[in-house]
Each structure stands twice: as C-alpha cells, then as structure tokens.
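Dropping the structures in below, format is structure tokens.
In the two assemblies presented below, subunit A is common to both, partnered first by subunit B and then by subunit C.
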Partner chain A sequence: MTKFLPLSQAVADNLNNGDTVAFEGFTHLIPTAAAHEAIRQGFKDLTLVRMTPDLIYDQMIGMGMARKAVFSYAGNPGVGLLRRLRDAVENGFPHALEIEEHSHAAMANAYEAGAAGLPCAIFRGYRGAELAQVNPNIKSVTCPFTGEVLAAVPSVRPDVTFIHAQKANKKGDVLVEGIIGIQKEAALAAKRAVVTVEEVVDNFDDLHPNLTVLPNWSVTAISVVPGGAHPSYAHGYYIRDNASYLEWDEIAADRDRFREWMQENVIEKSADDFAARVEHLRNVA
Partner chain B sequence: MNKEMDLKAVVAQLRDGMTIGFGGWGPRRKPMALVREILRSDLKDLTLVAYGGPEIGMLCASGKVKKLIYGFVSLDAMPIEPYFRKAREAGAVEVSELDEGLLLLGLQAAGHKLPFAATRVGLGSDVMKYNPDFKTVKSPYGDGEVLLAMPAIKLDVALIHVSRADRLGNTQTDGPDPFFDGLFARAADKVFVTTEVLVDRIDAEYSDKAKSQLFERCFVSGVVKAPLGAHPTASHDAYGWDMAHLKDYAASATEEGGWQRYFDQYVKGDEASYAASVGGEAKIRALPLPIF
Partner chain C sequence: MSELGFTPNEMMTIAASRALKGDDVCFVGIGAPSAACNVARLTHAPDITLIYESGTIGTAPDVLPLSIGDGELCDTAVTTVSVPEMFRYWLQGGRISIGFLGAAQLDKFGNINTTVIGDYAHPKTRLPGGGGAPEIATSSKEIYITMAQTKRGMVEKIDFYTSFGHGEGGDHRQRLGIDTKGPTLLITDLAIWKPDPETKEFTVVSLHPGVTRDKVQETCGWTVKFADTLEETPAPTELELNTLRDLKARTDAAHKGEAVGAKRGSKDG
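What follows is the complex of A and B.
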C-alpha cells in the first residue's frame, strides 16, 4: 500500500546508511528535493547508482555520503565536469570514492534486468570499447543459437530508488511523461521506491494507457513536492533552470564555497522551499 | 513520402513461406481486412505469430498455414478459437505454443536485434519439452543461475490495425490497451498498417493525440485506408466486436463444408461487399465496445 508522506519521513523511513540507492532522472525530472532531504539527514556509506550522475550526486559525494558510484556518464550536463566527484576520485576528498563505470546501454539493461528479477543483463554492447579492462563486472555470454558473444553486466537492484514524477492519483499510481529516462525500470528494480510528485489528482481516467505509469503496488511512498526537480525541469510544469547549472560549475570548483552553498541552500532549507525556486520558470513558452 | 497502398498491393508484397506477425489481441483490433485479402489470395505455407484471434482460425481454415507461434488463440467469449482448435486437434499445422511472456520476450529480442532474451519465464513448465529447439544460458556471475534463452522471433512482416494514420506512416491507436503492437512493429522487416482514418498529416489534424502513437513511422512500409477493417474484432473507439457474427463464424466450423460457406457468404468479394454482408457500416459502427 502506497503511503503519502512528508518527504522528510519518506526519506527517513526508506533510506539507510550503507544502502545501494538510485536517484534517477535523465536531464528531466531529477529528484533534487529527495536528494537534498537525504543530505540533510546525513546518510553515510551509500552506493550511488545512476545513468547520469549530475549535480545531486556531486553534492552527495562532496558531503562525504558516498562509498561508491555506479554510473555511465558523470557530468554537469551541457556545462562540463562534476568537480566534487572529480576531487573525490583524484584526491580522495572528502574521502575516497570507488567507481564502477558502464555504458548507458549497459545501465539501462541492468535496471531492466533488475526489474525482471534477473541476475544479469545480456545485450549487444561494449564492442570496440575498453571499459571491460577497467570494470571486471563486464563479462560475456555466448548465444546458444548463433554463437554470437554478447556483453553481460550484473543487474541493478537498489535497496531504494527515488524519482520525481509529474503526478500521482489518490490510489498512488504514478505518471511519468515527456523524456522518461530509465525511471520506471529503476523504480521497479528497487526493493523500495519513493516518488516525489508535482501534484496529486483524483484519478488518471483522462490519460492514454500509452504513458509511463507506475502502479501503486510498486510505489512505497509518495511525497508532494512542487518544484522538486529544480534545477532540472518537469515537462508540463516548469522549464530547466540553466543558470543554476552554469553557477554550479563555479560553486563546486572550490571546497569552501561548496560547503557554504550547501549550508545555506540545502542544510538550512527544506522541501517546502522548492516551489518558490521554479516560480519564474512556470508558464514560460 | 506517400506510403498509401491498397489491400491488394500489400498482399502482393507477401510471399509463400513468410513469417507474419499480427497486432491486436484475441478478438481485438486485428487487421482483418488484410487477413481477408490474404484469404482471397493463393499465398501458402505461412508462419503466423500472434496473440491470436479469428485471423489465426481463418488462415488455418483456408489451409494457408505451415506453423503457428502463439500465446493463445481465442475469441474471448469462445475461449478456444474454433478453426484453430480443428487445426490443432488434427495436427494440421506445426506449433510453437508459448506462454504470453515468452512470446513478448521473443518479439522484444527481435526488436532489439538480439539473437535471444534470457528469462526465468518458461522454466519449471513443459515449454522446453514441447519446444525442443529452445536452449538455456548460464549467468556468468557468482549466482550461476540457469536461464531460458528465448530465441528472437523475427518477422518478415507485421500487419497491424490502427485508429488513425497519415500517408507518411505515422499512426495513432485509441482504446485502453495498446497490446503488443509496438513489439510486433519493431520485430518485423516490414510493417503494413490498416487504418480506420487516413489523413495527409496526422500532426496537423490530431496533434492532441500524439501520445497514442505506438511505434515510429520509420518502421512503417505501407498504410492502407480500411475503415471497419478490424470487423468482426473490436477497434476502439470506433466499434466493438461483432459477437453475433463471430458465433455464426464459430458455428460454421461444426458444419460440413462450413468454411467454404463462410468464405462464399462473407469473404469472397471485396471489402465493400463484406461490409454489406455483415449488415452495413451503420450497424458495425453501432456495435458496443466491450467493457470490463
């Protein structure tokens, strides 16, 4: 049964020190509010999984919450590097970070395999690439019909996945539309799925079934956090705050400035502060 | 690019021995106008792939089938399709009898251009006993789990009925269930769709329904305007299935020379004479949609 909870309680109930956790989003619908709540609650030793670690993983790594990152693209999209992640990998600051690097196709397949309850994903990938030389988890399986050698990666089955979505209905079903990334698979692959949404509506009777809907039985908890994807965007609600991504490059470049920014904008704030951050981004054509 | 064709031109693209997949589900949104055009042709030795309904029974009845690959073949209210039952009981066709999940995975593997899909589906049942060409693979990780390797089901052609299409090959499909039409389209070398409504540019006239596109136009080789083309199966939101007609069809399977009677009475002419023979357009459009 899906629980509708304040975000602070949804995070406290579902995330633990040492968990493997995915905060998924693909440029669109990034669960920033959930990540900031996790930062405020100060979890440790997390294995952070995501196709595209961006600002929120840079922030969590910079705050010393991560033991390991499993990913396929680590960057500030459209801007450049993740400077806190880079500081952790190159200098062990604030502490060492183990990394497991994959291709996008591998990560997507790994989530899908996790959602299907399979031990691994088998797909056509890593041809002509050397990632397998630095990632021993990349193996192969030979097709028993054709003899073709296919790539294999372990499935991803997070302890908990956090995503942000447009809306839920009162039963706890969740709609994700626009660029849907791998959020559905990431939620289904996880033991627990926590969803922040822009709004809750009575029902989904007016929706075409050809939309990504997570059924309520796959969702552990839902928290209503308007603006919760800022500075990314929520299709149909608000546009992307590109200035924030540019600004992040300067903030994250300096250890002290990073700490100050986190104190002021995350530690001393709450989920309720997100709505105001997207006000100027609504109703923009 | 104008992909509009007529039924005859589509069937002229088909060859004896082809593997043909059908969209829809049981007595729902089947490309029956194209099925009837195949029935009027001399095609033979076909391998059919479907979540089957009357298209499978009719093509079996007319002796055009070499092999069936299916999750079920049903008319819903009549749980086992009558002519499929006759062919199956007589051993008249080869069969690969799958559960619905394996059929899905076989089509998905073909769409992903993979030779197989690894799955737990089918293990612990007799699927491998009755599909002796199926194999297993072993996880290369510490778990060492043995999984069923479902071979890709590659289709030469997929035939799919949609609600709306344009001449570029864009499609839209109404109704509460998209079935697995998207998987059929991606598993096929060529896709031919029949459509209730055909327009020049769907983006100009139905942009508000863009979310109901189930597969991209790059997969579509040909589009045929075939209003009422799913009859006697349902085509949301235009008309429901014609259960009275399906019962008459089912009854023919128990008659001596019943298939010939059905063919001569309904199929033999063209789609205009077909519509007239089943009561005309107004009657078909008034068929209520099945509600569950």
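What follows is the complex of A and C.
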C-alpha cells in the first residue's frame, strides 16, 4: 500500500547514493519537482536512466550528481542540445560521465521488459546503426523459429523510478492521461516507484475504465506537488512553458550562470514553489 | 524573399508536401518534415495519417508543435498510445508507409548522422543522438529526407552512422537483411533528388525555379550527379503558399501567446 508523504521525505526514503534511477516523462509530465528535491538533497554517483534526458538531467549532471547516463535522445526538445551534458561528455566537466546510448525503440523495449520481469528485450532494431558498435550492451539473438537475427538489450530495472501524474485518489491509485509515454513501464520496472501528482481526488468512479491507472499497491509513495512538472506540462492542467526551454539553452551554456541559476531556483527553493510557476500557463490549458 | 515570390525554404516544404499522399501513414520528424506533412494534410492529402513518436496517431494540429510531445498533438489525435506500443506495434509492426526525417549530416547514400561530430568516444560536438530515427529508417516502408543544403550538412563521409540509408550503396540494405526500401526521396531547398536505381546514390532529378546546377554543387560536399533530363520543380501554387504561411503565422502567434521569446525554429525532440 502506498504512502502519502511530503516530497522531501519521499525522496529521502527512496533514493540513495549510487542508485540507478529513472525520472521519466516523454515531453509531457516530467517530474521536475522530484528531480529538484534530489538535487537539494545532494545525491552522488547516480546512474541516470531516461529516454530523453531533458533539462532535469542536464541539471543533475551539471551539479556533479551522475556517474553514468543511459539515454536515447540527449536533446532539449524543441530547442537543441543539452549543454551541461555536452560539457561533461566533451570536457569531463564537472567530472567525466559514462554514457550508455540507445535508440528510443531499444529503451522503450527495455523498460517494457523490465516491467515484464524479463532479463532482456528483443526487437527488430539497430540494423546498420553504428550504436551497435560503440555500445557493448547492444547484442543480437537468433530467433529459434525463423532464424531471423534480432537486437537484444538488457532490460531496464531501476532501483527507483520517479514520475509525475495528473491525480491520485484517496486510496493512492494513480491516473495518467494524455501522452502517456513510458511512465507506466518505468514505474513497474523499478523496485520502488514514487509519484508526484497535481491533486488528490476522492475517487475515480466517473472516469473511463481504461484510463491508465497504477493501483496503489504498485506505488511506493505519492507526493502532492501542484505544478510539479513545470516547465513541461500536465494535460488538462497547464501547458508547456516553451519560454523556459528556450531560456535554459542560454543558462546552461555558461558554467557560472548555470550555478547561479541552480542556487537561486533550485537550492534555495522548495516543492511548494512549483504551483506559482504554472499559474500563467493554466488559463490556456 | 527572392523575386520569385517565395523563399527556398518555402519551396522545400511545399515540394516535400507534394510527395505525400492521402493514404500514407507517415511517421513525422519535428522541424521541416512536420511543416511539410501538415501542409500536405491541409491541401491535397486531408486523409493522411500523421504519427509522432510521442504516441499520437492520426493527429491534426492547428499549429506546428515545438516538440514531439506538445499537448495539441494528443488533443487532435485519433488515439494516443504508449511509447513502447508506438515503436513495437505501429513502427516495427510494419504499419508506417513513410518515415519523414531531417538530418544534421547526410551522405550521398542517404545515411544520416545526428549523434556526434568527430570521434564517438571523444566528440568535437556531442549532438542529441538518434531518438526514434535508427528504427524509423529501417522499419518504415520507405524514407523521405528533407534538409536545407550546406557543405557542412551534406558531406562525402558522415562521422557516425546514426540511421542507415543505403550504406555503401547498391544492395547494402539487402545484404544486412533489411527488407524496406530506405531513402527514396531527398527534398532540399534547391532540388529534388532520387537514388540511382543501381548505385543508390542520390541524383538530382528536378531543380527548383531559379536554381542552377552550380548552386546545387556549391552547397553540397560531394560531387553531385544530375539526371540526364532535369526537370524544373513547379513553383508553389497560391493555395500551397497561403496554406504554409497561414500555418506558420498561426504557429508563431500561438507560441508567442503561450511563451514570450519562443520564436526560434524547432529541432527533433
């Protein structure tokens, strides 16, 4: 059975130095508040797993929290490159970063295999792709029935996954709707799943029966953080803050400006500050 | 704007849109492909199925999305599925007729690099990487590529094979067991290119209005081959131009309305 906890406690209870952790969200519902809490608590030596690392991994890498990144698209969606990640890969700043790079299809299959309790994912992929030569975790298997050679990658089994969702009910069941991405698979693939939500409602009685729901017993902890996906969006609540994504490109381009921004907007702030950040994005949602 | 009344980029988008048909199921890359696909939908191909890798199937956005996961893609879609389902059932399952990609670096055989400039382990520039493209390039029935020509972008040898086109040319795809057609069309801001039936090298088959052979060669890093009979791409019609400009104006207005400063172009996400 899940527990409703303040975000600071949910993060402290479920994340450890050296963990393999996924903060998932495919453009939509990115768990920024949870990532910022992890930054404030100053974890080290993390293996960060995510299909599209995005701003929050740029921030965690820039703060020196990551030993390794596992990803399939290291970009700032809609804008361009991730400059802190680039600085780590190209210049070893603030320290060297090990990378394990995949395609989206591979990562999606690897999460699904993790959720399904399998050791690896098998799919038709990486044909002619050079990643297969630089990533030793991309191998192949031969279909025992047809002889077709297929790609194989290890499943993703994070120690803990953090996701953001629209709502929980009072029992702790979780609803995700809109672009549902990879969150259900990422939560079920992990040993522990922590969910931040926009709000808690009494029940889900009036909802369509097939809307994505994680039953309360599949979720370790829930924290209520309105606006917790900003600058990404929560379908039905607020829209994507594209200006923040564009601004990030400039902030992250400079090491000093990055540290100052992190100090002012993350270190000296708390989860309670997120609600105000989406106020101007709500009326158009 | 040239004296022709349209820009090379407008010509590129419109020429690309014409290649799409109403019964196509198109996996759309962000940026130039996204604009072309939506112009097709708003002009001659209203029934085209547009799919973005965020899981939105049959989407019909009123404005162009800034990222592949904008909320409007979901709001206007026939259905929205999870990312594993998108890549497994719909792409790997062979249900995509056209994969429409952009490229940071492209070679004459349609191989695409979006991963690194320089050595992989010690890159000069670390680019975002492949995202969905490596499997889009091999699981879609065929691939269209669109990009503006530059010598840095169109090169003799790409630094990294992110997404496989025709490899070293000829029957390289078949030799790797890839049974899809691969790149069949390249639309740039200057010309339309198709692969040679034997060598698979991209060959210019049509020059856009006002474009010379020299101009195509000056902005391309390999020695360009031209078809024996070169056509001229028909200039954009009034309907095509108005549709594209209205779409861009709506997009700019929407992005300004929701985000002051959001005025730069899109890139893959």
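Here is the rule we use: the second predicted complex is superposed on the first by the 284 of 285 C-alpha atoms of A that agree within 3 Å, B and C clash if a C-alpha of one lies under 4 Å from a C-alpha of the other, contacts with A are read in each partner's own complex, and residues count from 1 in each chain.
The rule is short, and it goes like this: a contact is a pair of C-beta atoms (placed from the backbone, for glycine too) under 8 Å apart; a residue touches a chain by one contact, two chains touch by 3 or more.
Keep in mind that what you see is a predicted model, and the values were worked out from it rather than measured.
**Q** Where does A:Y57 make contact in the superposed view: on subunit B (first), on subunit C (second), on both, or on neither?
**A** neither
**Q** Looking at the overlay, what does A:W248 touch: subunit B (first), subunit C (second), both, or neither?
**A** Neither partner.
**Q** May I ask you to name which of subunit B and subunit C touches more residues of subunit A?
**A** In the superposed model, C touches more residues of subunit A.
**Q** Should A:H104 be classified as contacting the first partner (subunit B), the second (subunit C), both, or neither?
**A** Touch status of A:H104: second partner only.
**Q** Looking at A:F162 after the superposition, I want to know if it touches subunit B, subunit C, both of them or none. Which is it: first, second, both, neither?
**A** neither
**Q** Mind working out whether A:L150 is in touch with subunit B, subunit C, both or neither, as first, second, both or neither?
**A** A:L150 contacts subunit B only, not subunit C.
**Q** Touch test for A:S140: subunit B only (first), subunit C only (second), both, or neither?
**A** After superposing on A, A:S140 lies in contact with subunit B but is clear of subunit C.
**Q** A:P119 contacts which: subunit B (first), subunit C (second), both, neither?
**A** first
**Q** So which bits of subunit A does subunit B touch that subunit C touches too?
**A** On subunit A, the overlap between the subunit B and subunit C contacts is residues 123-124, 148.
**Q** Under the definition above, what is the set of subunit C residues touching subunit A in their complex?
**A** Per the touch definition, subunit C meets subunit A at residues 30, 53-56, 65-71, 73-74, 80-84, 86-88, 91-92, 115, 120-135, 137-139, 160-164, 167, 172-173, 176-178, 255, 257-262, 264, 266-269.
**Q** Quick check on the complex: what are the subunit B residues that touch subunit A?
**A** Touch residues, subunit B against subunit A: 112-120, 135-141, 143, 145, 147, 149, 151, 173, 175-178, 209, 211-214.
**Q** Enumerate the contact residues on subunit A facing subunit C in the complex.
**A** That would be residues 26-28, 51-52, 71-82, 85-86, 89-90, 101, 103-105, 108-109, 111-112, 123-131, 134, 148-149, 178-182, 184-185, 233, 235, 239-247, 281, 284-285 of subunit A.
**Q** Touching subunit B in the complex: which residues of subunit A?
**A** Per the stated touch rule, the residues are 116-120, 122-124, 139-146, 148, 150, 152, 154, 177, 208-211.
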